[in-house]
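First the structure, then my questions, so here it is.
Lettered A, B, C and D in written order, each chain numbered from 1.
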Amino acid sequence: MPIRALVWGENVHEQENEFVARTYPKGMHGQIAALLAADPNILASTATLQEPEHGCTEARLAETDVLLWWGHAAHDKVDDAIVERIARRVWEGMGLIVLHSGHFSKIFKRLMGAPCALHWREAGERERLWVVNPGHPIARGLPRYFELENEEMYGEPFSVPEPLETVFVSWFQGGEVFRSGLTYRRGAGNIFYFRPGHETYPTYHDRTVGQVLRNAVNWAYSPEAHAELLSAPNTPVDKALEPIVERGAKLTHHPG
Amino acid sequence: MPIRALVWGENVHEQENEFVARTYPKGMHGQIAALLAADPNILASTATLQEPEHGCTEARLAETDVLLWWGHAAHDKVDDAIVERIARRVWEGMGLIVLHSGHFSKIFKRLMGAPCALHWREAGERERLWVVNPGHPIARGLPRYFELENEEMYGEPFSVPEPLETVFVSWFQGGEVFRSGLTYRRGAGNIFYFRPGHETYPTYHDRTVGQVLRNAVNWAYSPEAHAELLSAPNTPVDKALEPIVERGAKLTHHPG
Amino acid sequence: MPIRALVWGENVHEQENEFVARTYPKGMHGQIAALLAADPNILASTATLQEPEHGCTEARLAETDVLLWWGHAAHDKVDDAIVERIARRVWEGMGLIVLHSGHFSKIFKRLMGAPCALHWREAGERERLWVVNPGHPIARGLPRYFELENEEMYGEPFSVPEPLETVFVSWFQGGEVFRSGLTYRRGAGNIFYFRPGHETYPTYHDRTVGQVLRNAVNWAYSPEAHAELLSAPNTPVDKALEPIVERGAKLTHHPG
Amino acid sequence: MPIRALVWGENVHEQENEFVARTYPKGMHGQIAALLAADPNILASTATLQEPEHGCTEARLAETDVLLWWGHAAHDKVDDAIVERIARRVWEGMGLIVLHSGHFSKIFKRLMGAPCALHWREAGERERLWVVNPGHPIARGLPRYFELENEEMYGEPFSVPEPLETVFVSWFQGGEVFRSGLTYRRGAGNIFYFRPGHETYPTYHDRTVGQVLRNAVNWAYSPEAHAELLSAPNTPVDKALEPIVERGAKLTHHPG
C-alpha cells in the first residue's frame, strides 16, 4: 500500500500575488503534490487553510501517513485546536515535513518547544545546498550539492533544538549559512525541516528539490500507530512484573 | 557573584497530606532550597503557586539564573501566560531543572513539544540510579550508583525527545527502568530533567540527591542573555555582508 | 533484490563447550542466519573466524549489505588488516550490527573510538528489555518489553559515545541496568549495538530477538556506496563554484 | 588551581616555510599558548613533535587537563603508542581540542572512528564563521559571526560522526560551507574540533579565535579522572546488589 501524503498549503499568496499565481497555477500545494506523485510509492493529496477545519479533520488525519506543511502569511489563521490535533497525530507516528516559512508555523513551534527564529532577506540570491550527511536516507540519489539560483536567504542562528541529524547546510550569495535539512522525532513521529521554498521563486519546480521531498516522505513514514505514548497509566502493585510489597506513605491514604 | 537559583514549589500536598507535611516542614521547595544552599556558589530562594503570578513576575525571573520546578497535583492551576513568560526566559538563557512529576508540568511539555508521558506506581519500592555518563558535569563527585529505598516508580517509554545526553538510568524493584537524568537545550537555555522526588518519601533529604541538584544548577547556569534568539529580523540587501544585487519577484512588489 | 546479510561468528565456544554446542548445533552464526531468513527481504549467509581472511575477503564484503558480528573469546585473533577493511566498508555504507560480547571486538572499538567497557556477571539471571523508543524502525512490531529468563548481566557505565538514539534499556534481576540497543552512523554506514546473546543461553532461539535482528538489518541497509567519504580531494581555485582570486602565501610556493 | 593546557605543535612548517616562520616566530604552538595565557584561569605550556615521546610522556599527560593539537604535514611521524596513550587520557577525562588540519591527525581519527575527510582549497579566501548555537559555553562573548580574510577552504561533507552539538558553521567565498565547531565526548573526555588555522595565514593572531580557544579550554576541562571507564570488571554473584541465585550453564563450568 502506498504512503498517503497530505500536502497542506496556506494558499494565500497564490490568490493575491501575480508572480506566485503564475509560478504555481495549481497552487504551491498542488505543485508539491505533483512532485511527490513521481514516486509510485506515494499517494499524494492536498488540503488548504480555507477548507473546513483547514482540511485537517480527524478522519483525514487518520488516513494520512505523512503531512507536508507550507505556510507563511497566515500562520495565525490556523486554529489552535487543529494544531493540537496534528501534534497528537505526529506523536502517534504520523510523519511531518515542514517547509521553508513553515519554521514559524504554529505546528512546528509547538513540536520544537523553541523560538524557531532566524534572519532573512528577500533578494532572489543564489542558494547552494550541501549534503553534509550523504548516508542519510533523505540524501539518497542526490549530488554533492545543488543550487537554487533565486531564493530567499535564511541565516543562522536558527533557534531550533539540536537535531537528531543535520542533512543539508546552505551557502548564500550574500554571506550567510543555514542548516537547511534537520531531522527530529517527537513521540513516535518523524519530523523533517527543509529550508527552500519561497513563494515568488520556482523552487518547487526544481528536480532535486522533488527528490528531497520524495526521500523525506519515504523516510518519515511509519506503518505503526503509538497512541499509548500519549497516556500515563498506573501499573498496580499486584501487576508488578517482579513481586513487590507496598511500603511507605501514599497520597491516597492519609494517616489520620 | 553566586548563581541565583529559584526553587518553585506547587506547595499543595504539604498543606493537605500529613505525611508530606511531616517530611517537609519547610515545604518541598524550602527543603530543595536548603540542599542548594550547601553550595556557596548558589544563592537559593523560593516561590510557590499561591503567590501573585505564582512568584514568577517579570522582575523575579529577570534576576533568576536557574529555575527549579516541582509540581504535581496542580499543573493546570498554573497560568498559561506565566508559562509563556518562563519559556521565553529559558530561550534567552535561564537554566531550568524539572523535577519528578514536573514531567507533566505545562512548562516542561511546552519546551519539549512532546507528550512527556510514562508509566507509574506508588508503592514505596527501591530505586537505584546508575550513572551512565560519569564524565558529565552533573555526575561530578557521585558514586557509580545510588539508592532511594522508597520511591514512586516511573517506567519507560518516557515520551520525551531524544536528549542531548543521558546522565542517569534508574532500576526499579518491580521490574521497570527509566532514563532518570536527561539534558536538553531550548534557545540558549539549558534544561535538565531529574526523576526522583515523590512527595511522600524523604528523597530531598538524601545527600546524593542534593549533590545532583547542586551540580545541575552549576551546569545549567549561563552568564549571558540571548534575547535575540526570539526575533527574526530582516537583513536588508544593502547591508548584505557580500555585495549582491536584488533579483526576481518580491512579495512586496506586485508586477502590475 | 533482497538485503544481503552476512553473519560473522567467532565459532570457538561451539567447538569447546558442550552446552554451547548443544544449544547451537548449527553454530551461533548459523542460528542467527536462520532468524534472519524468516524475512523474505533478507538473504543471509555466514562467515567464521577460521575461514581464510575470516571469511571477510574484499569480494565477500563487496557483496555484503549488512554485516552482523558475534565474537567473544578470540577478539585478538582477528587480523588488524581485516578490521580496517571492514571499517572502510562501513564508512562506505555497509550496515553493521554488533552483538553482545562484540562490544569488545576490534571492529566495534575501532568505529566507536571509545573504551566500550562495562560491568558483567554470568549468573543466568533474568533480563527484561524495555522499548524506550517505540517509533524507531528497530522497535517495529515489538511488545512494550520482552524478557530473557537467563542472560549474562551487562551493567553501566557502558563507555561508548552518546548514541544517535537509544532504542532499548535492560533491567537485570541482580540490580543493574544497561542501554541495550544503540544506534550510530560512521561515514555512511549505520551501526546498531544489541546487547543480548551470551553463548551459554538460548537467546538466539527467542522469537522477539529474531524480530529485533530482522528489523535492525532492514534499518541498517543502504542501497548506496559512498567511497568518496574516505578521500580528501583538492578543489582547485579555477574550479571554485564562485569566482575567487588566489591570495596570500601558499605552502607550495615559497617566497624566496 | 588554573586549568593546565598543553599546546602540541607539529613544528615543521615553522622551520621550512619562510611565510610561516615570519607569521609565527614563536612557533604556532607558542602563539596558541600566548592566546590561552590571556585567561588567568589557564596555565598554558607547549610540546612538539621533535621532543622525546613528542613531549607527551606519561608524566606530562598526567598533569595535563586539556590538550590542544595542531598538526598537518607529519601526522604519520606521530608514534602509535603515544596516540594510544593520549586516547586513554582522553577517555579518563582529559579534554582535547583538535585544530584545523588536525582533522587528519591519528589521535582525532582514533577517537572519531570515522574517515574525517573533507574537501579543501588553499587560496587565501574569506571565511565567515557563524555562531549557530549562541547558548553553548564555547560561544560565550562572541559576536554573531566573525571573519578571517584569508583562510584555507574546507568543504563538506566532513565525514565525522554526528556531533553532540554544532557550534559554528563556516561560509567560504568560493561557495562552500563547513561545520567548523563540533563537540564530542569519548569516555569521560570532552573533545572540540575547531576548523580555522592554516599555517600560512595569521589566524592565531585573531582576537576572536583566541576567545574561542579560551572558551573551549574552559568547557573541555573536567576536574575528575575516570580510569574505571577503561576496564570491564566482573561483579560476582554473591556481591549482586539484589539477591540472585546462579542458574544455567557457565563458560567456566563444563557439564562433562
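Please note the rule applied: contacts are C-beta pairs under 8 Å (C-beta built on N, C-alpha and C of every residue); 3 or more make two chains touch, one makes a residue touch a chain.
Everything numeric here is computed off the predicted structure, so don't read it as measured data.
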| field | Relative to chain D, chain with the most remote C-alpha centre | value | A
| If you average the CA atoms of chain A and of chain B, how far apart do the two points sit, in angstrom? | 27
| query | If you average the Cα atoms of chain B and of chain C to get two centres, how far apart are those centres in Å? | reply | 35
| query | When the C-alpha atoms of chain A and chain C are each averaged to a single point, how far apart are the two points in Å? | reply | 31
| Where chain D touches two or more other chains, by residue | 128, 133-134, 144, 155, 157, 162, 164-165, 173, 175-176, 185, 187, 229, 241-242
| query | Which of line, ring, star, complete and other names the graph you get from chains that touch? | reply | complete
| What residues on chain B touch chain C, complex-wise? | 128, 130-134, 144, 155-158, 162, 164-166, 169-172, 175-177, 179
| field | Residue numbers on chain A that touch chain B, as the complex places them | value | 13, 17-20, 87, 91, 104, 110-115, 117-125, 150, 153, 155, 157, 159, 161-162, 164, 173-176, 184-187, 199-201, 229-237, 240-242, 244-252, 254-256
| Of all residues in chain B, those that touch chain D in their complex | 93, 128, 133-137, 140-141, 145, 164-165, 173, 185, 187-190, 222-224, 226, 228-229, 241-242
